[in-house]
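Shown below is the structure under consideration.
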Amino acid sequence: MKQVNQVKLGAEYIAKTAHREMHDRCLWAARMRRDKVAASIPEWEEMRELASEIKLHTLSNLDYYLEQFAKNAEANGIHVHWARNAEEHNQIILDIFKAHNVKVVTKGKSMTMDECGMREFMAKNGIEINEADLGERIQQLDNQRPSHIVMPAIHKLRSDVASLFARTLGSDPKNDDPHYLNSVMRADMRKKYVKVDAGMSGANFGIAETGGIVVCTNEGNADISANLPPLYVATMGIEKVIPRQADLPLFIRLLSRSALGLDMTQYTSHYHGPRKGQEMHLVILDNGRSERLAAKEYWPVLKCIRCGACMNTCPVFRRTSGISYDAIYMGPIGIVLEPSYDLYKYARLPYSCTHCGSCGDVCPVKVPIPELVFYWRSEVVRHGYGQPTHNIEEGLAEPLLKSSSNLAIAEKLGLWALRHIPESIAESAVNPWAKAHKDPIPPEETFRQYYNRVIKPGEEKNEKSDQ
Amino acid sequence: MKIGFFVPCYIDAIHPQAAKSTYGLLKKLGLDVEFIERGACCSLPELDMGYISHACTLEKGIVPYIVDKGYDYVVVPSGICTDQFRDHFDGVEQTPEVIHFRSTVHDPVEFLHDILKITELPGKPSFPYRVALHNGCHSLRYLNEARPTELMIKPFDKCADLLRLVDGLEVGYATRRDECCGFGGTYSIWDPSCSGQQGRDKVNDYQRNGFRYVTSQDMSCMIHQQTVARKLGLDLKMFYITEILNGDAQP
Amino acid sequence: MDQIEAKNEILARIKAGKPELHPLPDVPMYPYNGNAMEDFISHLLGFDGKAVKFKTRGDALKWLSAQPEMELDKTLVYSSAEGVTGNVSEENIADLHNAHEIETCVTEGEFGVGEMGSIWVTDESLRHAACALLSRHLFVLLDGTKIIPGLHETYSRINLRQHQYGSFYTGPSATADIEAVHITGAQGPLSLTALIYNCADAPVVPELMVNPNADTSIYTKSRFDNKC
């Protein structure tokens, strides 16, 4: 199996100037809006701490809250299912669909379903799933994964969408006005809504105390998917449960503000049972989460509420796009989450980080992403999955760096090279640094040399005159 | 008060002026400063890449010279190395001496601002220019030397406080004032595309805002940004903060 | 598939591996210190919603009946609001898919939230949520005395378990999925107008308040479906 090479894929996106500049500009604007709305709330930092504490508590007592949640949900008339892994998740839903003779489904955005490869599985089983979120639909039509948790097609230019829609939906290829493109999507989806047999969505929160789920969206697609068809199926990861109704406003106040810098999602919807004449199913998914919960080094990663704020602020993500991570979860949260699914395949991801720490500071539930990056890098090396070039570099570095005398020799060698190797060679392809940088101008002497030449003799003289 | 002066490898080899200016400034303040001659690498590059056992070897190697000398404080002219000592020096036995060292190691900004609490600079340095201040990510988010723009806390900026003691100097910032410049240690070598793009975006930001001079408490960021700016042919000059504070910065 | 087995196994795995118990903090009832009414309106307008203030409910109903969206001879109107008559009967939408044809929906909001400009609606007030979601223009009657400053307090006055569906609607449906360009009228309504009654300071002549920077470049027609 091939390892994902984010650096290479990222470089391809960076080279596409118009894409990169648009992507960086849009996400940075979201980060700036987030700063503005967060600053308007005096208790913002206190809320982050509380939200983190509530998540830590819930996770540390998760079996209790899940049972309470399931019991209450069932009392509300929701059919609750438990899936140990992606295969079970998909099979459970397929069985429900078969029992109801479901052929066509509309679906609100759900990272958890993406994680299970649910759409592809259903396609193989003859069930047509139509994404009802504009960005997610764009990605579905383009056979590409979402590139961002809350803005799935943000790496695409409007012209990309125009040609995609022209190809797949027959729209005017020359009209790339996003309003027009949205209207094309709307018209196409509306035809589908009236025909669908079932609706699906993810869940942002499950409330143990009340046995209901909360789904936050802007477009209204999840609400239509849930409220129109005779069958509604939702999926929720086990980590999404919170204890009490009174905890909910805290998370709602943080979520959309962190995600897009908006005070609220347009539709913040609570489901506590099926509509009259409807059947509602909820699949509670583990898929490795209970294993992560048992890992003392990284279980706090389960606090994540999937807002995407870490992606908007990440300087690497903004320039390389979520597509370059070639994974379900991308950006800062992706590079500390994906290795827990498959360490070998995603061994390079934790290196796509400059350690700037901004993700940790924007995270509304204080997932310690920067610390987890360090942790995963050490795990990659411990399992022998480090890049051969890294192994050589760090292996050579250890003896050079470990004593002052060796270090002095290494520095001298380095400076000799800087002074004497002609620029044409130094800046050739063998030197990755030279891709973006000039070599530094070598100083006349190191501090150590200066100390021995100037300072030390002066100090000795002073000591003598003191005596 | 006995002060150990630890010079990180990249400062020693590539920009020794940062060490010279820091050493000079501490001496001018009349302090008892001892250069830690046998100090070697702080182990950051190894730890950064996940090579924990290598990092342990390096940490063990320098303990006798940096920890066991009984310094009241150790000053390290580099934010990244200071943070390495304070927050990640876990590969050695945590003796009382190691714990003392970890809590008394400072970069010059912390040392001048928080420990010495200076209100004027010796020799009354002057630098009558607009200077862009780049708060390096480590100093900003791990050493807490200024308010990161993400955090909704009371604004403060220790570097700016110190720079305002310099005659005629006007502190300014890039538009994206604390976005990472893309150095990231070994990151700049292993991902030259993204690191380079971040660096170009950063220096172009200075250029658009009409800056000619940039300073930071993290020389690693400055070396990265300076060499990116030179690659683009931009007229930007970068200084380590003590070069300006000690009156050594040449316009 | 044995559900009991899956459930038990997941719970057992959690029990075996879960970290040491962390304490559960209480969530304080954080107050919102703005003016509930003013901020409700400005936030709602910020989401491209519209608002009109009225002294009485009667004034609101009178104003509403004069709107072009309510011309019953030309448009399909569904109403779940008391005192407002539509022309779509309950039988007509027994099959909810017919809701797609509805142009205008009038309903009741139970609470407003100053902090966000959100309106709390429920299955009870909407009767058929599908009508509110599929109509092109949504009018929500809201008692001005039921605008609550902050979200914490709002939740404290709601019993979630009483409602199969309850939602905070905050402006019309919207998307920013293409180059982050803000567009109103994604999948749901193109417009949402809050009719706020029991406002002592309502002007004598009702004034429709809109966001001057609202997204107005709505494509009302496309070649696929002129009921876009």
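Just a few scattered comments:
We call the chains A, B and C, going by the order they appear; numbering starts again at 1 in every chain.
The criterion applied here is as follows: contacts are C-beta pairs under 8 Å (C-beta built on N, C-alpha and C of every residue); 3 or more make two chains touch, one makes a residue touch a chain.
Computed from a predicted structure; not experimentally measured.
Taken chain by chain, the contacts run in an open path, each chain touching the next and the two ends left apart. Of the two chain pairs shown, A-B and A-C, the one joined by more C-beta contacts is A-C.
Relative to the centroid of all protein Cα atoms, the closest per-chain Cα centroid is that of A. Once the centre of each chain is set as its mean CA position, chain B and chain C turn out to be 52 Å apart. The distance from the centre of chain A to the centre of chain B, with each centre set as the mean of the Cα atoms, comes to 31 Å. One finds 29 Å separating the Cα centroids of chain A and chain C. Taken residue by residue, chain B touches two or more other chains at no position, since every residue touches fewer. Put simply, chain C touches chain A in their complex at residues 1, 3, 6-7, 9-11, 13-25, 27, 30, 43, 46-47, 96-97, 99-100, 115-118, 123, 129-130, 133-134, 151-152, 154-156, 158, 160-181, 183, 185-189, 215, 217-219, 222, 224-225, 227-228.
Remark: chain A residues 22, 26, 29-30, 43, 47, 50, 53-54, 56-63, 66-67, 70, 72, 76, 81-84, 88, 91-92, 95, 132-135, 138, 151-154, 156-158, 161, 177-184, 186-191, 193-195, 207, 210-212, 218-221, 223-224, 226-228, 238, 243-250, 252-253, 260, 262-276, 284, 286, 290-291, 293-294, 296, 299 touch chain C in the complex.
Taken in their complex, chain B has these residues touching chain A: 7, 9, 11-17, 19-20, 23, 35, 37-41, 43, 45-52, 54, 57-58, 61, 65, 88, 137-138, 140-142, 148-153, 176, 178-180, 182-201, 223-224, 226-228, 230-231. Every residue of chain A that touches chain B in the complex is listed here, in rising order: 7, 10-11, 14-15, 20, 24, 28, 35, 38-39, 41, 44-45, 313, 315-316, 319-320, 350-358, 360-362, 370, 374, 376-382, 386-387, 389-390, 393-395, 397-398, 401-404, 406-407, 410-411, 414-415, 432-433, 435-440, 442-443, 445-448, 450-451, 455.
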